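Sharing a structure here in structure tokens format.
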Amino acid sequence: MSDMQLRDIVHAALLVAGEPLTLDRLAALFEEGACPDREALRGALADLEAALAGGPVELQCIDKAYRLQTRVEFAPWLNRLSAEKPPKYSRATLETLAIIAYRQPVTRGEIEAIRGVAVSSEILKTLMQREWIRQVGAKEVPGRPALFGTTRGFLEYFNLTSLADLPPLADLRGDPAHGESLAVADQIKQAEQAEQAEQAEQALSPDREDGSAAGPPASSTDE
Amino acid sequence: MSAVFVRGEPLTEMPADLYIPPDALEVILEAFAGPLDLLLYLIRRDNLDILDIPIAEVTRQYMSYVEVMKAVKLELAAEYLVMAAVLAEIKSRMLLPQPVAEGAEEEDPRAELVRRLLEYEQYRAALERLDARPRMGRDLWVTNIPAEGRDQNRPLPEVSLEQLLDALRSVLVRADAFAHHRILREPLSVRERMTRILDMVRPDGFTDFGDLFDVTEGRRGVVVTFLAVLELVRESLISLVQNEAFAPIHVLSCA
Amino acid sequence: MSDMQLRDIVHAALLVAGEPLTLDRLAALFEEGACPDREALRGALADLEAALAGGPVELQCIDKAYRLQTRVEFAPWLNRLSAEKPPKYSRATLETLAIIAYRQPVTRGEIEAIRGVAVSSEILKTLMQREWIRQVGAKEVPGRPALFGTTRGFLEYFNLTSLADLPPLADLRGDPAHGESLAVADQIKQAEQAEQAEQAEQALSPDREDGSAAGPPASSTDE
């Protein structure tokens, strides 16, 4: 791999990561065997920094992790960059929060075991800054991992008197449509009703030969 | 896979192209998105002319697949059976002598089915093209870097309880795929109580065991607290100390 | 303000936004009185596209808004950036989405007639939650079934400039070259034309709020 390409890969990763990347994380972008050594990565970062000179972006190193950020001179304009739609948490963040709510007190390792994938520090940091979760202790196992639980702020935000107000898991597992309260669910319900009416109507037209009237049995194959 | 019956006859042979391990069979059958998909597969596989479908042969093959699906107890969509009836009807209409209609052009009994198959195939191809397009989060990513010096008071994301439960639901679905995970078994109230007890038990001293209980919560509350204490002890998060029989029990944080 | 500076401001805003920015939102970055006109903004975008050539990032136009995204060649490395695997969608879900994309506005009953099987509520819910489809109205037939259409989020996810960017239904076979995106400069030109046409049209239909005015290429061939 040419230096040029290495620099571009590092550049691309820093632009989309959404969080600072350590040299380890940068090295993990590469296939085993094709992984550049730390010297090469540092070289690529230095190259990148030089290439960015004069542009609106700069490379910053915070606590051994690297990130790209726009230069401070651009702040006046970027402050006027209004969000069109409200920001959103990632799926991973919501899953982590839900697991902490139901499984507390719980360690990061336990969350990862349930989710089947790593939980980034960024996610936990976000939830702590939001004051929805907090560290409630440390588990007495080697390494003494932190135990996380939800806060009073979490209950207040979701308008719950206590965690016991959360729907029992059994309800969640059973019928996936259970407990829908979103507008989406309402729309679907409306659509379903409308459709029944439509089917009744189409039953009168002779060229209707598919079985959509039979409905739900198909859903098992349908995700 | 020992006793598979097709129209009352034991099925000794799989349909010609089904020389596949039995485990994979279900996967393959599930791969059909519906009766039209299955029919198209049969037609294209044998290079049949879709505009002149040999209806008897296609019906026979279609039925053998449907019987296999039933036999492996695949939850069969009713639409598959409806299609079977449609095929049978077309077959019988083709066997009947053509009624001599005055001047009217007799429509091929297969015409409607062919129209539907062609239309469906068009969308199926469209789906493949769509599927092959570069996608966000898989093939490309949108840049997202912080702006140094930007005001920090950006709006925070809003989350509804439904979104939270939905996230959990998808975790559960995923976790079900790995059955070995023992997840979320304890009743919620116990887990909540565990957090509360950890709060009460200060790391630098003894807490009276009795203080953990709130009698106003009644029997259930006391039981929940007791279960929470046991669970915390089991997980080595707290320990209980009693100097002699009937002496006060003290709770120690292990943290 | 020099052109150079304008380009850098636009560049910085696009890097930070994380979502496509319309010309209006780009214009809103500037103080009153100091706001460049649309011509100048389009010029800055064209400059920026040229300046990005050879780098890991490209400018893409989605529904008359612009975003910076990594080039597809970097996917192998960037896929290792996160432990999260991109979600997979079932064939049934994507089939439903494709039919909605080409046939919109379309009712659930119509989708089922094409697919030959029932469309489960779960599928519609998934598509709505991903914000790829939405209810665009109700069909004026008994029961008033919901009509579904795609959203801007759909275009964003599948990297489509507009619905017209979907491969035409009729000539799906062959023509593998289709779908390569136009240079953004061309897109900008197209967008200008489309915009004028749309403004004329919007004067007539006040409730049309998305860019679907251009209409799916399918509808004409298949009614």
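Here the chain labels run A, B and C in written order, and each chain numbers its own residues starting at 1.
To be clear about the criterion, a residue touches a chain if its C-beta (ideal position, glycine included) is under 8 Å from a C-beta of that chain, and two chains touch if they have at least 3 such contacts.
What you see is a predicted model, and the numbers here were worked out from it, not measured in a lab.
Trainee: Taking all protein C-alpha atoms shown, work out their mean, then name the chain whose own C-alpha mean is nearest to it.
Mentor: A
Trainee: If you average the Cα atoms per chain, which one ends up farthest from chain B?
Mentor: So the chain farthest away from chain B turns out to be C.
Trainee: Between chain B and chain C, what is the gap in Å from one C-alpha centre to the other?
Mentor: That pair's centroid distance is 29 Å.
Trainee: Just curious, how far off is chain B from chain A if you go by their C-alpha centres, in Å?
Mentor: Spacing between the chain centres: roughly 20 Å.
Trainee: Measure off the straight-line distance from the CA centroid of chain A to the CA centroid of chain C, and report it in whole Å.
Mentor: Once rounded, the distance between the two centres reads 22 Å.
Trainee: Considering chain C alone, which of its residues make contact with at least two other chains?
Mentor: Residue numbers touching two or more other chains: 12, 15-16, 19, 57, 68, 70-71, 78, 92, 116-118, 129.
Trainee: Considering chain B alone, which of its residues make contact with at least two other chains?
Mentor: 33-34, 77, 79, 83, 141-147, 150, 166
Trainee: Please output the residues of chain C touching chain A within their complex, sorted ascending.
Mentor: Residues 8-9, 11-13, 15-17, 19, 25, 28-30, 55-57, 68, 70-71, 74, 77-78, 80-85, 87, 89-90, 92-93, 107-109, 112-113, 116-126, 128-129, 135, 138-139, 141-146.
Trainee: Applying the document's contact rule, which stretches of chain B touch chain C when the two form their complex?
Mentor: Per the stated touch rule, the residues are 31, 33-37, 77, 79, 83, 116, 119-120, 122-127, 129-131, 133-147, 150, 166.
Trainee: For chain B, which residues count as touching chain A in their complex?
Mentor: 30, 32-34, 74-79, 81-83, 86, 112, 141-151, 154-172, 174-175, 178, 181, 183-184, 188-189, 191-192, 194-195, 198-199, 235-237, 253-255
Trainee: Spell out the residues on chain C that touch chain B in their complex, using ranges where they run on.
Mentor: 12, 14-16, 18-19, 57, 67-72, 75, 78-79, 86, 91-92, 94-95, 97-99, 101-102, 114-118, 129, 156-160, 166-167, 169, 172-173, 179, 218, 222
Trainee: Using the touch definition from the top, list the residues of chain A that touch chain C in their complex.
Mentor: Against chain C, the touching part of chain A is residues 8-9, 11-13, 15-17, 25, 28-30, 55-57, 68, 70-71, 74, 77-78, 80-82, 84-85, 91-92, 117-118, 120, 176-177, 180, 184-185, 187-188, 190-199, 201-202, 210-212, 214-219, 221-223.
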